[in-house]
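Below are two complexes that have chain A in common, paired first with chain B and then with chain C.
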Partner chain A sequence: MVKINTEFRRDRIVLRLDTKKYEWVIEPRYWRNPILGVLVLMVLPLFVYQYPNLLTMITTANLYAAIAIPLGLQIMGTGRMNFGPQFYLGIGGYTAALLNLHFGWGPGATLVATIAVCLAVSLLLSPITWISKGLYFSLITLILPLAFLDVTYVYGDIFRGEVGLSGMSPLFTLGKVSWNYLAYFYCSLLLLLIFLFVSDKIGRSRFGVNLAAINENEDVARMMGVNVNRYKIFYYVLPSVLTGIVAWFIVHTFRTFAGVTYLPLEFMIKILLISVVGGRGFVYGAIPGAYLIVGLDEALRGLGTINYFIYPLVLAILIIILAPKEGVYGLFHRHHYRDYYASMKVRRE
Partner chain B sequence: MHHKGLLVLAIVLVLSLLAGLACAGGQPATTSAPETPAKETTPIKIGFMGNLSSASSLSAKAAAQLAVDEFNAAGGIDGRKVELIVEDTKGEIPKCVELYKKLVMVDKVDLVVIGEKVEMGVAGMETGAELYPEYPHIFINTTGSGDVIWQKVATNYNKYKFGFQTYYYTSSGYLTVMVPKDSGPMWRDVIKVKKLALIYEDMEWTKPVRQGIPNVYPSAKEIFKSLGIDVVYESTLSLDQKVFTSVLDDIARSGAEGIDMVVGYIDEAAFVKQWADSSAKNLPIFMWGGLVGMPQAWEATGGKCAGVMVGSSMVREPITEKTVPFMDNLYNKFKVGAIFGSHTTYDSLYGYKKAVETAKTTNAEAVIKAMEKVEEVAVLGTIGWDAKNHYNLPSPKYITPSVQWQNKEMKIVYPTTLKSAVPYKNPADCR
Partner chain C sequence: MLELKNVKKSFGGVHAVDDVSFTVKEGEVVGLIGPNGAGKSTLINLITGVFPCDKGSITFLGKDITGKPPHMICKAGLSRTYQIPQPFYNMTCLLSTMVSVLNGKERENMSLSDAALEASYYLEFVGLFSKRDSLARDLNLYDMRMLELARALATTPKLLLIDETMAGLNPVESQNALDMIRSAQDQFGITILWIEHVMKIIMSAAQRIVVLHYGRKIAEGLPSEIFNDDFVVKAYLGDKHVKSK
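So, the complex of A and B:
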């Protein structure tokens, strides 16, 4: 006979099933701000629905954030700076595109294949998180996408070099292109929120405690009984798979995929900027970071060719101002400190 | 103080929204109404997209503006004013897709021109194919090389019929024309070689030249053979390669009497410098395009390019009455040189103008039919497009002269029928 015990506290409901305990936080201050943030993102398309280019712009911002969120988790969980998460963007994108074009696999099947291939490749490469530290890890991860870019040229018969692959089937067709674009936005938002939810749950769980311990000091964590190697594999593989899923989404929404766009360092710099400006210590910072970078890019583009000088200048100023405060989200977190927010920092040593 | 954090988040989101709205401008997107006579009095809108940090896109943009200014000065197209809307893709596919939608759905342009890398053209064409049934328009790719644009039309006409490609003679789509009618006769009749070395850069656009396309084109090697020229050496260079001496030594040993280089993006300055000091320095060399075809190549190579031949549209040869005025006007009005991408953009707009005037409407279906038949005097000869494949009419209709560096200047050596053509010289005689 299962013993059920329900307890109504001031701030939460606690449910006990035998030895298991479940909690639901009900006090508004715990969930008000995330709900507000999600609501803002959900109503945003109502203002820009008539402007499909803006809808695409904020869809792109969602996708950039969806790459930056797992990257943040990976940086914290492995205690290492990955300079090449776009490698898995390439792996995932080409997997989905090639299977769709040559074998006629639909988006559902290519999603499964993308996850499987990214899982296999990242598992294969995950021991680099044990072998290399600091700068060496960064250098290895920096080289991987660049080497893959060369592969797309060398094996041009498969990857079509600088031209890339095109003509992949769309995620769905709703009858009107403007409906498609609206649906793409909400799908990208859903993807982003799932990634955020997964990262948030990990951050608050026992896994998250170990993550913080590894991030603070790997040797001390090991001494305290944390299986550091196992966790590092997990924190390398999971974000890699999530990044691959973003590539799958790009393949079936933009319907073109060229490694020359996503694999070079320039793309990675954009994602790093999103992390730094948004708040590199928190996975949540990726969202304001992505919207800020993409919005700023669009706003300054109107200045003409001078924006090529102004844009990096503004970014440099933003980094100088925001980086010491742990980014835009750091400003928020500083004034609204809550112990339930993940507050893991990128290891500085 | 308490709400500062939320305020920051709100500002970030509002900033992005306002920024985007400010840039979007114009009317919101609505599905195109059926063409009516009333609409035919409104200005014709042309959208230009390019990476405005690249020299070729800037030159192409200036060429588009020059053409539109000339149209308006002459009373517009079919009596309608022409409006040019320029967008900067920054060389990013997501931005390219975003702006293509803006031009077609919000600005409601009749024609989209993409004047940059081929992957942008491909991304634009895919977006255009999605939009075309609801938002009919024309698309012309004027700078990106390779076969992919026209092959899409060739393989799925109904889906991609709105797309056209204008390119210089190096487009591999012209392989059956380029090698048999241009470089082949040049090697055989002018330079008089029987054995040739073929060098390709490792890029997608050279692949059909290397391998041919089954049931479409044979490879360049096979075409040369049919002209009586044996290819005795073949090699591929990577884009980041800086040392070429071993390749040049191998060519010298192979017995090749000349080097045909299917390149445009390798480090040509480094290659030329090493060629001039190598055992192959007296072998004639012809590059399909790239830096060596630009006036600054002499300084960039320290004069080592003496004797090198290259396909270049930057030489002041009056191929038609439009050629020299175009080069002068582009420089005088916009302070940019008539480099790669500018001729094709300018000529494409004139081709489009003639098609609209023939069709007497901007209705996309009618204009497509007209563009498939149109022929118009252009900067590099005659502009028009193949009815089935939508690539521009190749040489000898559309010409890129082969020039040779002689006495610090680019001199036309082929076609020999051009007015300012000079005799070909051996590299040793040019030094």
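So, the complex of A and C:
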């Protein structure tokens, strides 16, 4: 029988499970900045709700951030650079879409199926995090989504190749189209915030401390008693499942899903750019990074063909300026240091 | 406490460790010496599970740890420091030491805050408490070595393997490091297997010395015996320095 003891203190909640002890800091001042950030995101659509394009844009930014947050966690936790996070976007998206279209499964059932399939595939592939090191891991992860993209063409009768699948049932429908846009924005925000909360909690737990150690030097971490392989499986599987959930959301929100949109290199580069520009070492960095990249993409689209030169140029300048400062969030973090553990700094170059 | 029986390890055609057997008893400080390339560091890597043994067995506290992964060996109570310091360069001293506290020997009721407190204790012990928030890459060599010692002690080892901790230190720092290791042994009751090139230090610190040469054990005994052993003198300095010749 497991003994459970919960203790509420002024600044924290203490939970004891047998011989294990966990603490959660609830002191409001440590939550001030995240709460302010969430409020800004919640108020934002009220200013743009009359413009469906803008609303779709910031919904897309939320979804991109929701992919980049677990990716950041994965890159640090496995100590490897994953060049194919969108592979699980494809797996999750097609699972949800096919089950919905061919078997009539509702969004609830497809969510469970998406999680189960992503979990199974990522568990099956997780040994690559120990077997392949450095460049080899990056190459394998780079190949996976591209191979899957080819599969969607080869088995065009199932995946509908370039056209993709469409007509999946929506999560919900409201009376007016503009309300739908607004509701989907808030749903995407909720998804993003759940991912952020989960990632932040992991980062501030003993899992996070071990994540930092593995990211620094996994051989030394082993010597200090860290079961590196177990952690690597965790940090490969969890972000993969979270990415699959984003795909499920896309399927039931946009009601169309094509591998050609999400599986090619361009999409992956966008996600990696969000991580780098936002701040690779911080889970929060994905949000400003996603809004910046998606906003820039939309703003420069009006320039016409010259956009093909201007967009990469602006991105290169952003990376040169922001990468050494640890991204947009790194700039902020440097001047507004408010972590609970004053010493828990993990700086990335 | 630690028993090595006929341990062998080859890399291609090179016999890095060849049929080495010796024991370390509880509470001892055993020195492991030998010229460069003698196989000392390889032996430490075999004991800690970095490399698998080709042949032979390693027993620690009565349990066979041959082929066990490093994290399990660490949890069993065996910790090490490195010849070339291997700190987590982008982590603070406190956080680095917390990794050991959280993952070393199982401790009951250890939350993250408690781990920070316990890590502070080990940093205080090695004299790094004032630098607990400094990143490891900003430390000098002596401090890096002390951080390694703090990390190793924080896993609460029963046996500590020290790999050339005096390398690169000046005489004053070496003396301080020696004092620190001695007080660690007194305070935490640990046994030490110590690889060292600085003979003055190891001869004064160790109660027993094991000598390796080309992967083979060529001598074992008290420091005074080893100091006058012809085989050892020959291995280090060549034929012309052997007195009995």
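Keep in mind that, in the parts below, the second predicted complex is superposed on the first by the 308 of 349 C-alpha atoms of A that agree within 3 Å, B and C clash if a C-alpha of one lies under 4 Å from a C-alpha of the other, contacts with A are read in each partner's own complex, and residues count from 1 in each chain.
In the analysis below, contacts are C-beta pairs under 8 Å (C-beta built on N, C-alpha and C of every residue); 3 or more make two chains touch, one makes a residue touch a chain.
This one's a predicted model, so the numbers in the text were calculated from it and none came from an experiment.
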item	value
Partner chain in contact with A:A212 - chain B first, chain C second, else both or neither	second
Contacts of A:G37 with chain B and chain C, given as first, second, both or neither	first
Touching partner for A:S178 - first (chain B), second (chain C), both, neither	first
Partner chain in contact with A:V121 - chain B first, chain C second, else both or neither	neither
Partner chain(s) touched by A:A299 [first = chain B, second = chain C, both, neither]	first
Which of chain B and chain C A:I69 touches, first, second, both or neither	neither
Chain touching more of chain A, residue-wise (chain B, chain C)	B
Residues of chain A that touch chain C when the two form their complex	14, 16, 19-23, 204-206, 209-210, 212-213, 216-217, 219-228, 341-349
Residue ranges of chain A in contact with chain B within the complex	33, 36-37, 40-41, 44, 47-48, 50-54, 56-58, 60-61, 63, 150, 153-154, 156-157, 160-164, 166-167, 170, 176-178, 180-181, 254-256, 258, 260-261, 288, 291-292, 294-299, 301-302, 304-305, 307-308, 328, 331-336
Chain C residues within the chain A interface of the complex	48, 50, 69-71, 74-75, 79-80, 82, 86, 88-92, 94-96, 98-100, 102-106, 108-116, 132-133, 135, 151, 155
Residue ranges of chain B touching chain A (in the complex, touch as defined)	1-2, 4-6, 8-10, 12-13, 15-24, 28-31, 52-53, 58, 88, 90, 92-94, 97-99, 101-102, 105-106, 117-119, 122-123, 125-127, 130-131, 134-135, 146, 148, 152, 202-205, 207, 238-239
